[in-house]
Amino acid sequence: MKRNIQIEALDQIPLEKQRIELAERKCLGHPDSLADGIAESISQALCKTYLEEFGVVLHHNTDQGEVVAGESAPKFGGGRMIRPIYVLLDGRATKEWNGVKVPADAVAVEAANKYIHKILPDLDLNREIMIDCRLGTGSTDLRDVFKPNQGKAPRSNDTSFGVGHAPFSDVENIILNSANYIDTKLRKKYPAIGQDIKIMGLRDGNTITLTIACAIVDRYCKDIREYSEYMDILREEITAVAKKTSKRKVVVHVNTADDIKKKSVFLTVTGTSAEMGDDGSVGRGNRCNGLITPNRPMSMEATSGKNPINHIGKIYNLLSTQIAQDCVKKVDGIEEMYIRLLSQIGKPIDQPLVASVQVLPASGVKLKDINAEILGIVDDKLANVTEVTEKVIAGKLKTF
Amino acid sequence: MKRNIQIEALDQIPLEKQRIELAERKCLGHPDSLADGIAESISQALCKTYLEEFGVVLHHNTDQGEVVAGESAPKFGGGRMIRPIYVLLDGRATKEWNGVKVPADAVAVEAANKYIHKILPDLDLNREIMIDCRLGTGSTDLRDVFKPNQGKAPRSNDTSFGVGHAPFSDVENIILNSANYIDTKLRKKYPAIGQDIKIMGLRDGNTITLTIACAIVDRYCKDIREYSEYMDILREEITAVAKKTSKRKVVVHVNTADDIKKKSVFLTVTGTSAEMGDDGSVGRGNRCNGLITPNRPMSMEATSGKNPINHIGKIYNLLSTQIAQDCVKKVDGIEEMYIRLLSQIGKPIDQPLVASVQVLPASGVKLKDINAEILGIVDDKLANVTEVTEKVIAGKLKTF
Amino acid sequence: MKRNIQIEALDQIPLEKQRIELAERKCLGHPDSLADGIAESISQALCKTYLEEFGVVLHHNTDQGEVVAGESAPKFGGGRMIRPIYVLLDGRATKEWNGVKVPADAVAVEAANKYIHKILPDLDLNREIMIDCRLGTGSTDLRDVFKPNQGKAPRSNDTSFGVGHAPFSDVENIILNSANYIDTKLRKKYPAIGQDIKIMGLRDGNTITLTIACAIVDRYCKDIREYSEYMDILREEITAVAKKTSKRKVVVHVNTADDIKKKSVFLTVTGTSAEMGDDGSVGRGNRCNGLITPNRPMSMEATSGKNPINHIGKIYNLLSTQIAQDCVKKVDGIEEMYIRLLSQIGKPIDQPLVASVQVLPASGVKLKDINAEILGIVDDKLANVTEVTEKVIAGKLKTF
Amino acid sequence: MKRNIQIEALDQIPLEKQRIELAERKCLGHPDSLADGIAESISQALCKTYLEEFGVVLHHNTDQGEVVAGESAPKFGGGRMIRPIYVLLDGRATKEWNGVKVPADAVAVEAANKYIHKILPDLDLNREIMIDCRLGTGSTDLRDVFKPNQGKAPRSNDTSFGVGHAPFSDVENIILNSANYIDTKLRKKYPAIGQDIKIMGLRDGNTITLTIACAIVDRYCKDIREYSEYMDILREEITAVAKKTSKRKVVVHVNTADDIKKKSVFLTVTGTSAEMGDDGSVGRGNRCNGLITPNRPMSMEATSGKNPINHIGKIYNLLSTQIAQDCVKKVDGIEEMYIRLLSQIGKPIDQPLVASVQVLPASGVKLKDINAEILGIVDDKLANVTEVTEKVIAGKLKTF
């Protein structure tokens, strides 16, 4: 069946040329990101359990959950948790299949513990966090059991949509590169740099201002002087990353709410503000491209934790982002591109009700010249939609 | 101090003329909306308590919470709940002020019960729902205590932003009018029409397709025939509302996932899918204009439950929407308008870091002709930002 | 089959003639009694539900549960709850029978709410208490489904025992009569008298000292003077009850921990100390005769909440108490009597492994003269053991 | 001040000569014992924390808590948990002292995790159990802060009592020795022997019947034949222990509810029935002498988890048992002995309202001949009551 792919040209000022642009990323240890990561890790663990036991992925949606802040008493050189963080796991999973009980709750609790330990190695699982699980059961729709490598597209669980764009703007790239640099390089060198980091970028004309809030882990920071040094290091290192990414002027502010004199600073015991006063929820933070981009179309759907078989709120958000990035990479002449995939409940997910493609051609390029090429990519990506499912199960796609 | 208001003209195809437009509303009984409504009702109740006892509004943020689905056995003529819905209340509130204990937890639990009863009158509070409260405490920032009618702007709690647009498109208006019509008129006539309704609108060129999922309350619906009649009524009534709103062709689908023959339909005991299998979270549903609009800039911040004193994620989202609507109402020649207000932590909220105003002038209008008028309105609205706070406390502004 | 009933004479100093005797009652609003009452009300509600739907009582044991104290700010004239009481319901129930779902959780939550409201009418269910339910499922043993009026004895669930004694001593009678007088008469006249009352009785020779801790409800008590008056009233009224019950000297102390001068008194908002600092558990308070009697043999089993079909920890405690009381009433010449019924798992409950009867004959009486009469009563009561089940279901037997 | 110690002779048939005697022990992995052990471990951990930080033990009572069963799928050779066990920690603790926050909740959660791991090493803390903490705060009574080695007796927290007896009867000794033998020797040899063991002893004349319910850990037991072998081993080994303890005839039954043919046996994944269907509570199991003894006077108070400073329900139960055992050890001519210590709220704990001592002298012995010796021991033990506190803090006294 021919797919309903609608390509139209946008006639507008490219984002990079608009006066103001905002973007933001909540890094891995931010309470909302913790909630997202836990939800996604549970979904992945369930997928693995289902596959190991039954050879198929069964229905589940764990795109829910709440991280309720604890209480801490951070102190230079090493403070302590006063009251543990509380994490509620909810959502739904198949708990019985062909008469066999599935340990969905045990799997969820274990996945959550493991994920938290991976992200927050300084947090003591036996003392500083409490996990509760209220995972419900959902009605299993037998038709939509997913068998890998079978290629047949499951049916959409809902009438919903996903959106994606490409390429990333300067601001977006700077934020993503900074976050990545801290997580993969800088923290290894300076373990005092916590996991709860929020990077907000504002471009006003050609000046980009990054406002970074970064938790410092108290046991690795002996006093306020050392704390100030970490602020300097972060400012310098992120400025360097930004300069490699963009030619625009970049100003970096770190922990602007600090009052160094009063020693009222962003010091933590565990590296996350969830230890004291900041709750987190699934689906409230980054979109599946890792960013919050109020100048771009966004979906409200939580990508993390949804089942990767037939849940449009997950698959179409991931796929539309992939499509846009693929088109921009392969097709010359695209200044900006927006993909919206709309599903219809009960229809195969490789047949969206409409795939809406908006292209802002580069200066001098006409849509008709690149239309066919784009159409080919979109069509191909949709035909292979189950690749998204497989990559998600394998943990190869980020969802936040 | 002069406000940093940046007005720029957009040169783009107006949304109404783009090929594809999507919008959605989760009505009051949708699990996500329930969570939003509970969160906001708690914030309002806390505001009232603080004002009554201390004459000021104290710090709190109850923009968190989780509705965990129960289990039900709906049946034509009246089924029953099997397992109650579980609601977790979290977030933060000031629990002590000048040595006086504030009954924040009791207030939260009462507000949640009252709100749920208001929205879902068919749900038995003593049997069908369980409310748990894990409200934490936050550090009270004395500077930002809010005294009504004092006019002095509190300081921003965060570096964050709000976004708003006007006017509503055809699709947006149809969705809002339909929701409003059902909630204020149709349900009174037909109590079988539940509170959990999702209205999704897709405009493809000049055809608007509404896909409505509407819970039916079993005790008011005696059999499948009567159920089908309600489907017809909803289709007809919403079609009529849509026709009054727009000249475009409108097609209405109701409960497309139903299988009438198998009697597998959207029948509920209480009017919400939270009774069986659908969880809900604060901040995952409608933006503060009542809609989810992936073709428009959106903020990821939950508006509901945040404190209305200094929380930018609430105030600037509400205010930017108000500004846009006010401009469109008062200034001739605006085709479309987008407002983004960006705060800086610690600065007075009537002085945003930047107020970015994007105007798509109507055909034949130039921005410079209406620039001053717009500037005046934006400036005035910012000057009177505390009016937003007062209206929120009085329950006069919707947040979702 | 002949029952194994062993009757032996005790040759000991009767309790009434021993120097020291202790006994205690935790009245209905004491946190432990609240837990017991909730547990028993759930069991009764489940029995009714099972009978209505299936004509039989299905397996359940709800002899578990925890009342976690809230926080309150009592004040003469009327204070308020700060943080609600939290109640955890657990234990086990049959949730599905012949393919039909049983609303065990909803029934439990409703029963708990109703019971709490009955006992603590001044407590606002929507603001001052939170109920959570974690009722599990147990393996249904089909053989032991109970059909009323069928007379056939179910099989014992466990190897366990029950104990009972008669008659009540002076101290025991005074405590029971006092509690009953307050609950049925005094509180109606003086609603300030709360439900959380602990009555401890010590007999030292011929002097009985009652130490009463009685919560006062603040809204009905305007100041410390009125509070003191209630202390006087309680002292006088209980002294009068005691004098009607016993000829011994009785001294009554009320709220001895009070410091009237410092206004540090047992004042409450709701009538129970569970509102502030006192947790309660099932099975930690009174035995099924309404008392804690360290001078008497006691069973550690919680009677409340256990299923009345085949749970020895409930049935044999109730039955042994009934047998002892019946014997003492009908047979002349019993000074004291102790019954111990020991079950064997899997055997019919009307055939205990051993029914041990210890009799302290009255002065001048020999066991052999009353042996046959006692044997007849014990045998008859065992033969009609299912009457206990029926009375429990009908709410006609107290369990704490 | 002279202590009010009342010694009276009992003139009764010694328990060992009565026809029927019952006693029971719930071993360490029984759900009720788990709850007791967790409660006591939390109290000990809090004591240590308070002492380390402030040099004194602060007020707390953690004699509450609920173990809610999970769900498991045991299988010969190794099954798995389906749903984790849920543990609620409650009670009260001092959370702030002289302006310093005490990590009471974190300490409680850690103590619970550590204790569970110690008792149930086969249970995976990260997958098979969820711990929740709702520890409240109590009013700190400054007078009763306990400083070790200071010797001054704190004041009684309540009008309450403790009871104890000595010596242990044959049945009691057999039960205690069997439990001890399994826990210290047999399990090391046979790890298949789980921790959840209930030993009930019935003496009928000179025949003692032990009914043992013992969980088997599935990963160490490959099939039903091996299971049967373990039953034989337990029977033989316990019979041997019993024979060393008593000259009476002993019959041992193990897991009488098993149906070997149907393979319906007491097989577990973790060694405790809390994994599937059996909840547990603090204070519902053994008294502080490790036994449930319905033929002996018992206290209903939970010893475990109560603070060891001034909580009579703990201190007097432990002390009265110690006194009785000490007297029997040191004084010749005591056949049986019962101690009851009654406190008065607010009075020093070394000055009970009355210490009631009941002595059944051995044949040929008169009370007056041993009265002085007993008095001396009782008085001395009361004078040194704080030794109990110190031993409890040091973990040297068992409480269940």
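The first chain written gets the first letter, and so on, giving A, B, C and D; residue counts start at 1 in each chain.
We adopt the following convention: a residue touches a chain if its C-beta (ideal position, glycine included) is under 8 Å from a C-beta of that chain, and two chains touch if they have at least 3 such contacts.
The chain list, named the UniProt way, goes like this: A, B, C, D = S-adenosylmethionine synthase.
These figures come from a predicted structure and were not determined experimentally.
S.K.: Could you tell me which chain lies farthest from chain A (S-adenosylmethionine synthase) when each chain's centre is the average position of its Cα atoms?
M.R.: C
S.K.: Distance between chain A (S-adenosylmethionine synthase) and chain C (S-adenosylmethionine synthase) based on Cα centroids, please, to the nearest Å.
M.R.: 56
S.K.: Would you mind pulling out the distance in Å between where the CA atoms of chain A (S-adenosylmethionine synthase) average out and where those of chain D (S-adenosylmethionine synthase) do?
M.R.: Computed value for the inter-centroid distance: 51 Å.
S.K.: Can you tell me which residues of chain B (S-adenosylmethionine synthase) touch two or more of the remaining chains?
M.R.: 71, 86
S.K.: With chains as vertices and touches as edges, which is it: line, ring, star, complete or other?
M.R.: The chain contacts form a single closed ring, each chain touching exactly two others.
S.K.: What is the complete set of touching chain pairs?
M.R.: Those chain pairs satisfying the definition are A-B, A-D, B-C, C-D.
S.K.: Chain C (S-adenosylmethionine synthase) touches which residues of chain B (S-adenosylmethionine synthase) in the complex?
M.R.: It is residues 70-71, 73, 80-84, 86, 95, 101-107, 109-110, 113-114, 124-128, 130-133 of chain B (S-adenosylmethionine synthase) that touch chain C (S-adenosylmethionine synthase).
S.K.: Would you mind writing out the residues of chain A (S-adenosylmethionine synthase) in touch with chain B (S-adenosylmethionine synthase) in their complex?
M.R.: Residues 6, 8, 10-13, 18-20, 22, 64-66, 68-69, 71, 86, 88, 90-92, 134, 136-139, 159-161, 163, 200, 202, 204, 211, 213, 256-257, 277, 279, 281-285, 287, 292, 294-300, 302, 340, 342, 344-346, 353-354, 356, 358 of chain A (S-adenosylmethionine synthase) touch chain B (S-adenosylmethionine synthase) in their complex.
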